[in-house]
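Below: one structure, written as structure tokens.
The first chain written gets the first letter, and so on, giving A, B, C and D; residue counts start at 1 in each chain.
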Amino acid sequence: MSIWPEEKVFKDPVHKYIYVQEPVIWDLINTREFQRLRRIRQLGTSYLTFHGAEHSRFSHSLGVYEIARKIISQFERNRFEDWPGEERLLCLCAALLHDIGHGPFSHSIETVFGEHHESWSCRIIQGDTEVNRVLRGVDPTFPDRVAAVICKTYPREIVVSLVSSQLDADRMDYLLRDAYCTGVNYGMFDLERILRVIRPYRGQIVVKESGMHAVEDYLTSRYQMYWQVYFHPVTRSSEIVLRNIFARAKSLYESGHAFLFMPESLRRLFDGTLDTEHYLQLDEALAQAAFELWTNDKDPILSDLCRRFLHRKLFKYATPSKLDDALLDRLRESIRREGYDPEYYMQVDFPKDLSYDVYRSGRNAHRKPIYLLKRDGELLEISEASDIVRSISGTTSGKHRIYVPERMLEPGNPYVTAETEEWLRGE
Amino acid sequence: MSIWPEEKVFKDPVHKYIYVQEPVIWDLINTREFQRLRRIRQLGTSYLTFHGAEHSRFSHSLGVYEIARKIISQFERNRFEDWPGEERLLCLCAALLHDIGHGPFSHSIETVFGEHHESWSCRIIQGDTEVNRVLRGVDPTFPDRVAAVICKTYPREIVVSLVSSQLDADRMDYLLRDAYCTGVNYGMFDLERILRVIRPYRGQIVVKESGMHAVEDYLTSRYQMYWQVYFHPVTRSSEIVLRNIFARAKSLYESGHAFLFMPESLRRLFDGTLDTEHYLQLDEALAQAAFELWTNDKDPILSDLCRRFLHRKLFKYATPSKLDDALLDRLRESIRREGYDPEYYMQVDFPKDLSYDVYRSGRNAHRKPIYLLKRDGELLEISEASDIVRSISGTTSGKHRIYVPERMLEPGNPYVTAETEEWLRGE
Amino acid sequence: MSIWPEEKVFKDPVHKYIYVQEPVIWDLINTREFQRLRRIRQLGTSYLTFHGAEHSRFSHSLGVYEIARKIISQFERNRFEDWPGEERLLCLCAALLHDIGHGPFSHSIETVFGEHHESWSCRIIQGDTEVNRVLRGVDPTFPDRVAAVICKTYPREIVVSLVSSQLDADRMDYLLRDAYCTGVNYGMFDLERILRVIRPYRGQIVVKESGMHAVEDYLTSRYQMYWQVYFHPVTRSSEIVLRNIFARAKSLYESGHAFLFMPESLRRLFDGTLDTEHYLQLDEALAQAAFELWTNDKDPILSDLCRRFLHRKLFKYATPSKLDDALLDRLRESIRREGYDPEYYMQVDFPKDLSYDVYRSGRNAHRKPIYLLKRDGELLEISEASDIVRSISGTTSGKHRIYVPERMLEPGNPYVTAETEEWLRGE
Amino acid sequence: MSIWPEEKVFKDPVHKYIYVQEPVIWDLINTREFQRLRRIRQLGTSYLTFHGAEHSRFSHSLGVYEIARKIISQFERNRFEDWPGEERLLCLCAALLHDIGHGPFSHSIETVFGEHHESWSCRIIQGDTEVNRVLRGVDPTFPDRVAAVICKTYPREIVVSLVSSQLDADRMDYLLRDAYCTGVNYGMFDLERILRVIRPYRGQIVVKESGMHAVEDYLTSRYQMYWQVYFHPVTRSSEIVLRNIFARAKSLYESGHAFLFMPESLRRLFDGTLDTEHYLQLDEALAQAAFELWTNDKDPILSDLCRRFLHRKLFKYATPSKLDDALLDRLRESIRREGYDPEYYMQVDFPKDLSYDVYRSGRNAHRKPIYLLKRDGELLEISEASDIVRSISGTTSGKHRIYVPERMLEPGNPYVTAETEEWLRGE
């Protein structure tokens, strides 16, 4: 045995080091289910817009664990009474595993096939997997408790809120990491400062009042990231192409098409018969390999869309001043006459459809607001105190965009009428 | 036309922005061959050691282009007479395309199959490709000139040395980018300072004498990166597993094995009949997808090695004090008795076999030394002036390592004799 | 002559290098008036709150010059027609010299003595000084033109706005530099991004519409800096003590007090007979040396205030819920009974009295708003387009604070009534 | 009492936050002796070369404290047995106070007057001071123990080595801080990495063998800082001018000169009768104020040197190939004929005279070498294991430089013979 029985570390570009002190955490990281997250990108297709966005959910998951560890250490160091110390390991495991159920390009797959990564997370944690075996080693009920935290059904709300709330370890890591990797460094905020102002209080995590500006800084960073990165129109375009590949392949599959390549896991995705074992084989390497082999498919739509995705010949967009069914129909007709099937080659998009929001003050279950703790012990919802937070709360007012093949937007396209052309040009 | 006819930019985490001013560069980036570099990692299997090392050759290639652009701008701004201004575009294109021929996990594939990425670069540049069409648009001889720069046969040595020498745009970008992505920031050096001290002089790029410390800093950063990142034993282990996957698959292929998955491009790799079209289909997505599907192969060696690679159950290593054929034979025998085929489960490794070197003062063609330009116009090879450079020059004295499955190194393994065990324990 | 006739550089922590390409700039930096700025801190007494805030106006002035140089280079590189290229050197000189008239702890001295650094800048530029001699070397009218730009009377508004406007080189450098030196890095913004979105247009500098988020980021950084650094209550306290030192010394001087130390330059400040020569001798070294020698003055108020300032025994503050003349009178009486003269030991402070504002959309001469340039050539004031900017515009709503010696706020002070104590405790 | 009874923090640009957990540390920081360090620059006259080098010994002292705190926390967290836990507070106080005895521009004053900052540190700690009162509050013998650590006579060597050795908190902070403030970021090293590899072992602090590269990185950073910053010839020039001001003033004082300004503390410095009270009044504000007032002194040498220092008209240097008494005499004669007194206007300088060294492996008391701890428990002096460390160890071979007024080096100076001119030109 070594005479250095120290903690293990991972070198991390965002947090410098990630410290692993419990064997359970170490073992979870070494399961095949967790290693698989290396083959799933954190930001889906964003790398087609920001070439640095090549980081995986593996890196992000380690980062969420590390931030949770830091938060809990701070709570312990300050001996805050409202912190349930016995939940430490549960929090760390849930933080590490919260994304374990993500599949390749999750947003697109979830839209087309109705799968939900959160429910897959629970199936992986509770099913016959290496992760489950490691967790059971702690205690037979431990897997269920970890799953409960991730699915937000765990009774102690403070444990859930550490992993998913408006100010959780997940959001903190992804903002920092996405900013670091894309180079969009106005998405950076001062993590150490946030750690200094949060504390457990009556079953939830709150911010001491004097820390209001720190939260404002965090939320304006989030605002910048949403507008610069997450809502970027080129990323939206790549997601549309991707979604249409899956939709087309599903439709072909249902009509008995002979694919050049159809591994069991994809077949089951199309069939709706995915089990955990095959779900785990679905990763972005497999998806991309399929797209590559399908570039030679005899279905011209599937092969064209695959080439568009791989060679980054994405759709272009127009921002018409307002939507109008008659004009949309006329555009659809132009697209058809140009030789494209509008079902796969035209998409109206509203950024507000996105599942993101910068900050919402409403009180529904999933989006608990951020509270300031006043010196007299009262709580104050942050947007009541901060003008700047109020200004970025609520629904975002992005514009409608219409995505179509580039050719449709070239001036003088014979199939596009002058009226449509003017309309597409927008303001 | 827009009223903002400005240069285009890419947001880059290392250089902040990458500026594209020529349409040719823009068009090259948009070719399918260049986009393919997004699916090939810059650091091969290093992401299994440093989880941040997930960046692609696409990002790196843009970075090399940007550094070349900055160097040339500095030469132009200072109006250095020894700089052949008419070679600007050639340099930029060669910088951008210098890695266009890289395949998936190049080091391993090159070792097993004898392919060389440099010759593939030239075939892609000179063959029937989108890249070739863009280059021919400049001038019919332009593809050949770009290829000559990359293959180091271009007559003007200064052009070659900008892209490949001891102090070239390629090395500068990869050091910075690998340091940034892994988080090993002691690999950082001050690029702007290097740019200030280099200049063209009599057909080569030299360093003004007062810039010696800047080059020392760059070379000690390189030294740190080699020891911390490039030579890392875990990375070596993953490369060994990967090489053995390819070697086993090739051997099975030659014996007529029925693979669960064997796309045309892999078949041609095994056959030795790769053409450009199929070479371009070989990327890391395809390789990883094959490994995944092969985890169910009926050949136990192939499926085991694939699982080891994907689930990161790599080989462990011992560092015996010295190598000895008899002891190696005995270890080989133990491995066999444990049930492993030593051909695929045992590997002796010397870091000095690597194609890297921190700095070598020798004067062979590929490794031109770095010269200091004295005030009297004389040149001085840097290791003659700098103790610190001399100390890190030449062959590195890494230790022999023996890689085997973990089980072989567990104390008390019944198949390993006490003598072998002691020998493996090393000093 | 050297064979390296290159530009000169200064190593700078914020901009990496500061490039000097014109001999005039070099000569201006080497004047005694400019060197004197090394002895005047950029942030006055803020170093008593943020120990890193020790940087001088010398460093800042070089930084403003460098940002102006970068802005102009970008305008030239893009060949923007609305940029009057012939004003380059004038802009650079005005940027470099805009703070040349600052005295020690300017805000305090200006409040007590009614001197204005801007008018001193012009006197130094136009008087019998080394700076004037260098500028006259360009052209006999050049000093007057530089002075006009600094005093905002130069007819070409675009030249003025580069040096002083809501988005000028001055603000950009001080935000970055103050953030860097204090360590308050949420005050950082992405300078290169701002440079990419501004341009000259019809006699002013505007922001292209797609750059709106970049400006939002810059303004929220400014907002953070104001609340975290510039408005910090401890800094306010130190300014109050400092102001009272000057006020007391002036009052003593007028009554014929015999000072232990009274150099000619201070005497003239008190007399109101300062000329340029003596103004230039006034720096923070001299002021601090006077304070030190005055700690032994026989006037107990002067010596106590000097000790408080040098030994950082500043006033403490209370934040009463509302101001009330009767309560203020009662507090004044308590202070008197405790043995302090309320004129020098009590101060009501409103942060909004400060000369800073984050952003104001009004259209008065000194605070031109920031305009977005739409694609159709129209201009739009930014707070009309941005919720976030609107939320931080206008007057800030800081609270009243009352600064008094620490003893007055200790619980149970016999001279403070229970009612006053409760009032001072605030909410 | 507040419901947030947390640790206090200082915002620091290098360490982000400095955490104060003991009231003693807080009270020490608030003494007048410690606050005085704000008026003494960390890098003496280096700000005349690197304008960012304006940071004080106050900032540095907080940083040394913080690094010591981090080292000790790591020792405690890992429960290293060789760490004497009861010495924690002593180490922290010694780290904080190690520079408390520094005077203005210490190197120059020490050279001219023979004062030593270390002995002043002990006098301040043990004399009738606020610092002494705070320390006595811990225990009557505590001041003596703190003094013993600083003067390296404390019996437990490990305590001393934390504050002063080749790998101590002092050096670590100044390298990072000087690099940060000057912008010479190749002086940065990875502090967190160093913290991970050091540990207490048999009464000293050693480095575990696998941490060798981390120490190499730290020492090469040091090497870069020495050559780029600490040995910079312009800084040397400013120190020479400064030293000559003090030497001239002392000589004038001894001959009964009537100074325009001569405060008691300076008088006692010249007299050799400094006591603690007056030593504490000597700071850089006072020194600079004296220089300013002396620019009008009737002694032409004193006034000229003061102007040279304040207006940064420093001496220039030549680097003759070798020193030669006859040639030096001839130069001295030329200087005299030009109208300068060579005693104050000519200086031969060898960088190796400096008290710095990058690393020395010798085993004298003050410069204990750095030891690697091998896995078998043996210690190995690092330069035996590392080529790179060996290459930068030992005496540095800087060149002789001769500093004289600029005019002496102008080509064609009638008082300088052609032979001398050629000699001065060097290689």
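Miscellaneous remarks
As a working rule, contacts are C-beta pairs under 8 Å (C-beta built on N, C-alpha and C of every residue); 3 or more make two chains touch, one makes a residue touch a chain.
Chain labels with UniProt names: A, B, C, D = HD domain-containing protein.
Not measured: the values here are computed from a predicted model.
Relative to subunit D (HD domain-containing protein), the chain whose mean Cα position lies farthest away is A. Annotation: 51 Å between the Cα-based centres of subunit B (HD domain-containing protein) and subunit C (HD domain-containing protein).
Rounded to whole angstrom, the centroid-to-centroid distance between subunit A (HD domain-containing protein) and subunit B (HD domain-containing protein), based on C-alpha atoms, equals 31 Å.
One simple way to say how far apart two chains are is to compare their mean CA positions; for subunit A (HD domain-containing protein) and subunit C (HD domain-containing protein) this gives 44 Å.
Each of the following residues of subunit B (HD domain-containing protein) touches two or more other chains: 16, 375.
Taken pairwise by the contact criterion, the protein chains are fully connected, each one touching every other.
Within the complex formed with subunit C (HD domain-containing protein), the residues of subunit D (HD domain-containing protein) that make contact are 10-14, 16, 30-32, 35-36, 38-39, 47-48, 50-52, 54-56, 58-59, 62, 180-184, 261, 263, 281, 283-286, 288-290, 292-293, 307, 310-312. Listing the residues of subunit A (HD domain-containing protein) that touch subunit D (HD domain-containing protein) in their complex gives 2-4, 6, 9, 16-17, 78, 192, 196, 208, 375, 377. The part of subunit C (HD domain-containing protein) that touches subunit A (HD domain-containing protein) in the complex is made up of residues 185-186, 189-190, 193, 213-214, 216-217, 220, 223-224, 227-228, 375-376, 387-388, 390-392, 427.
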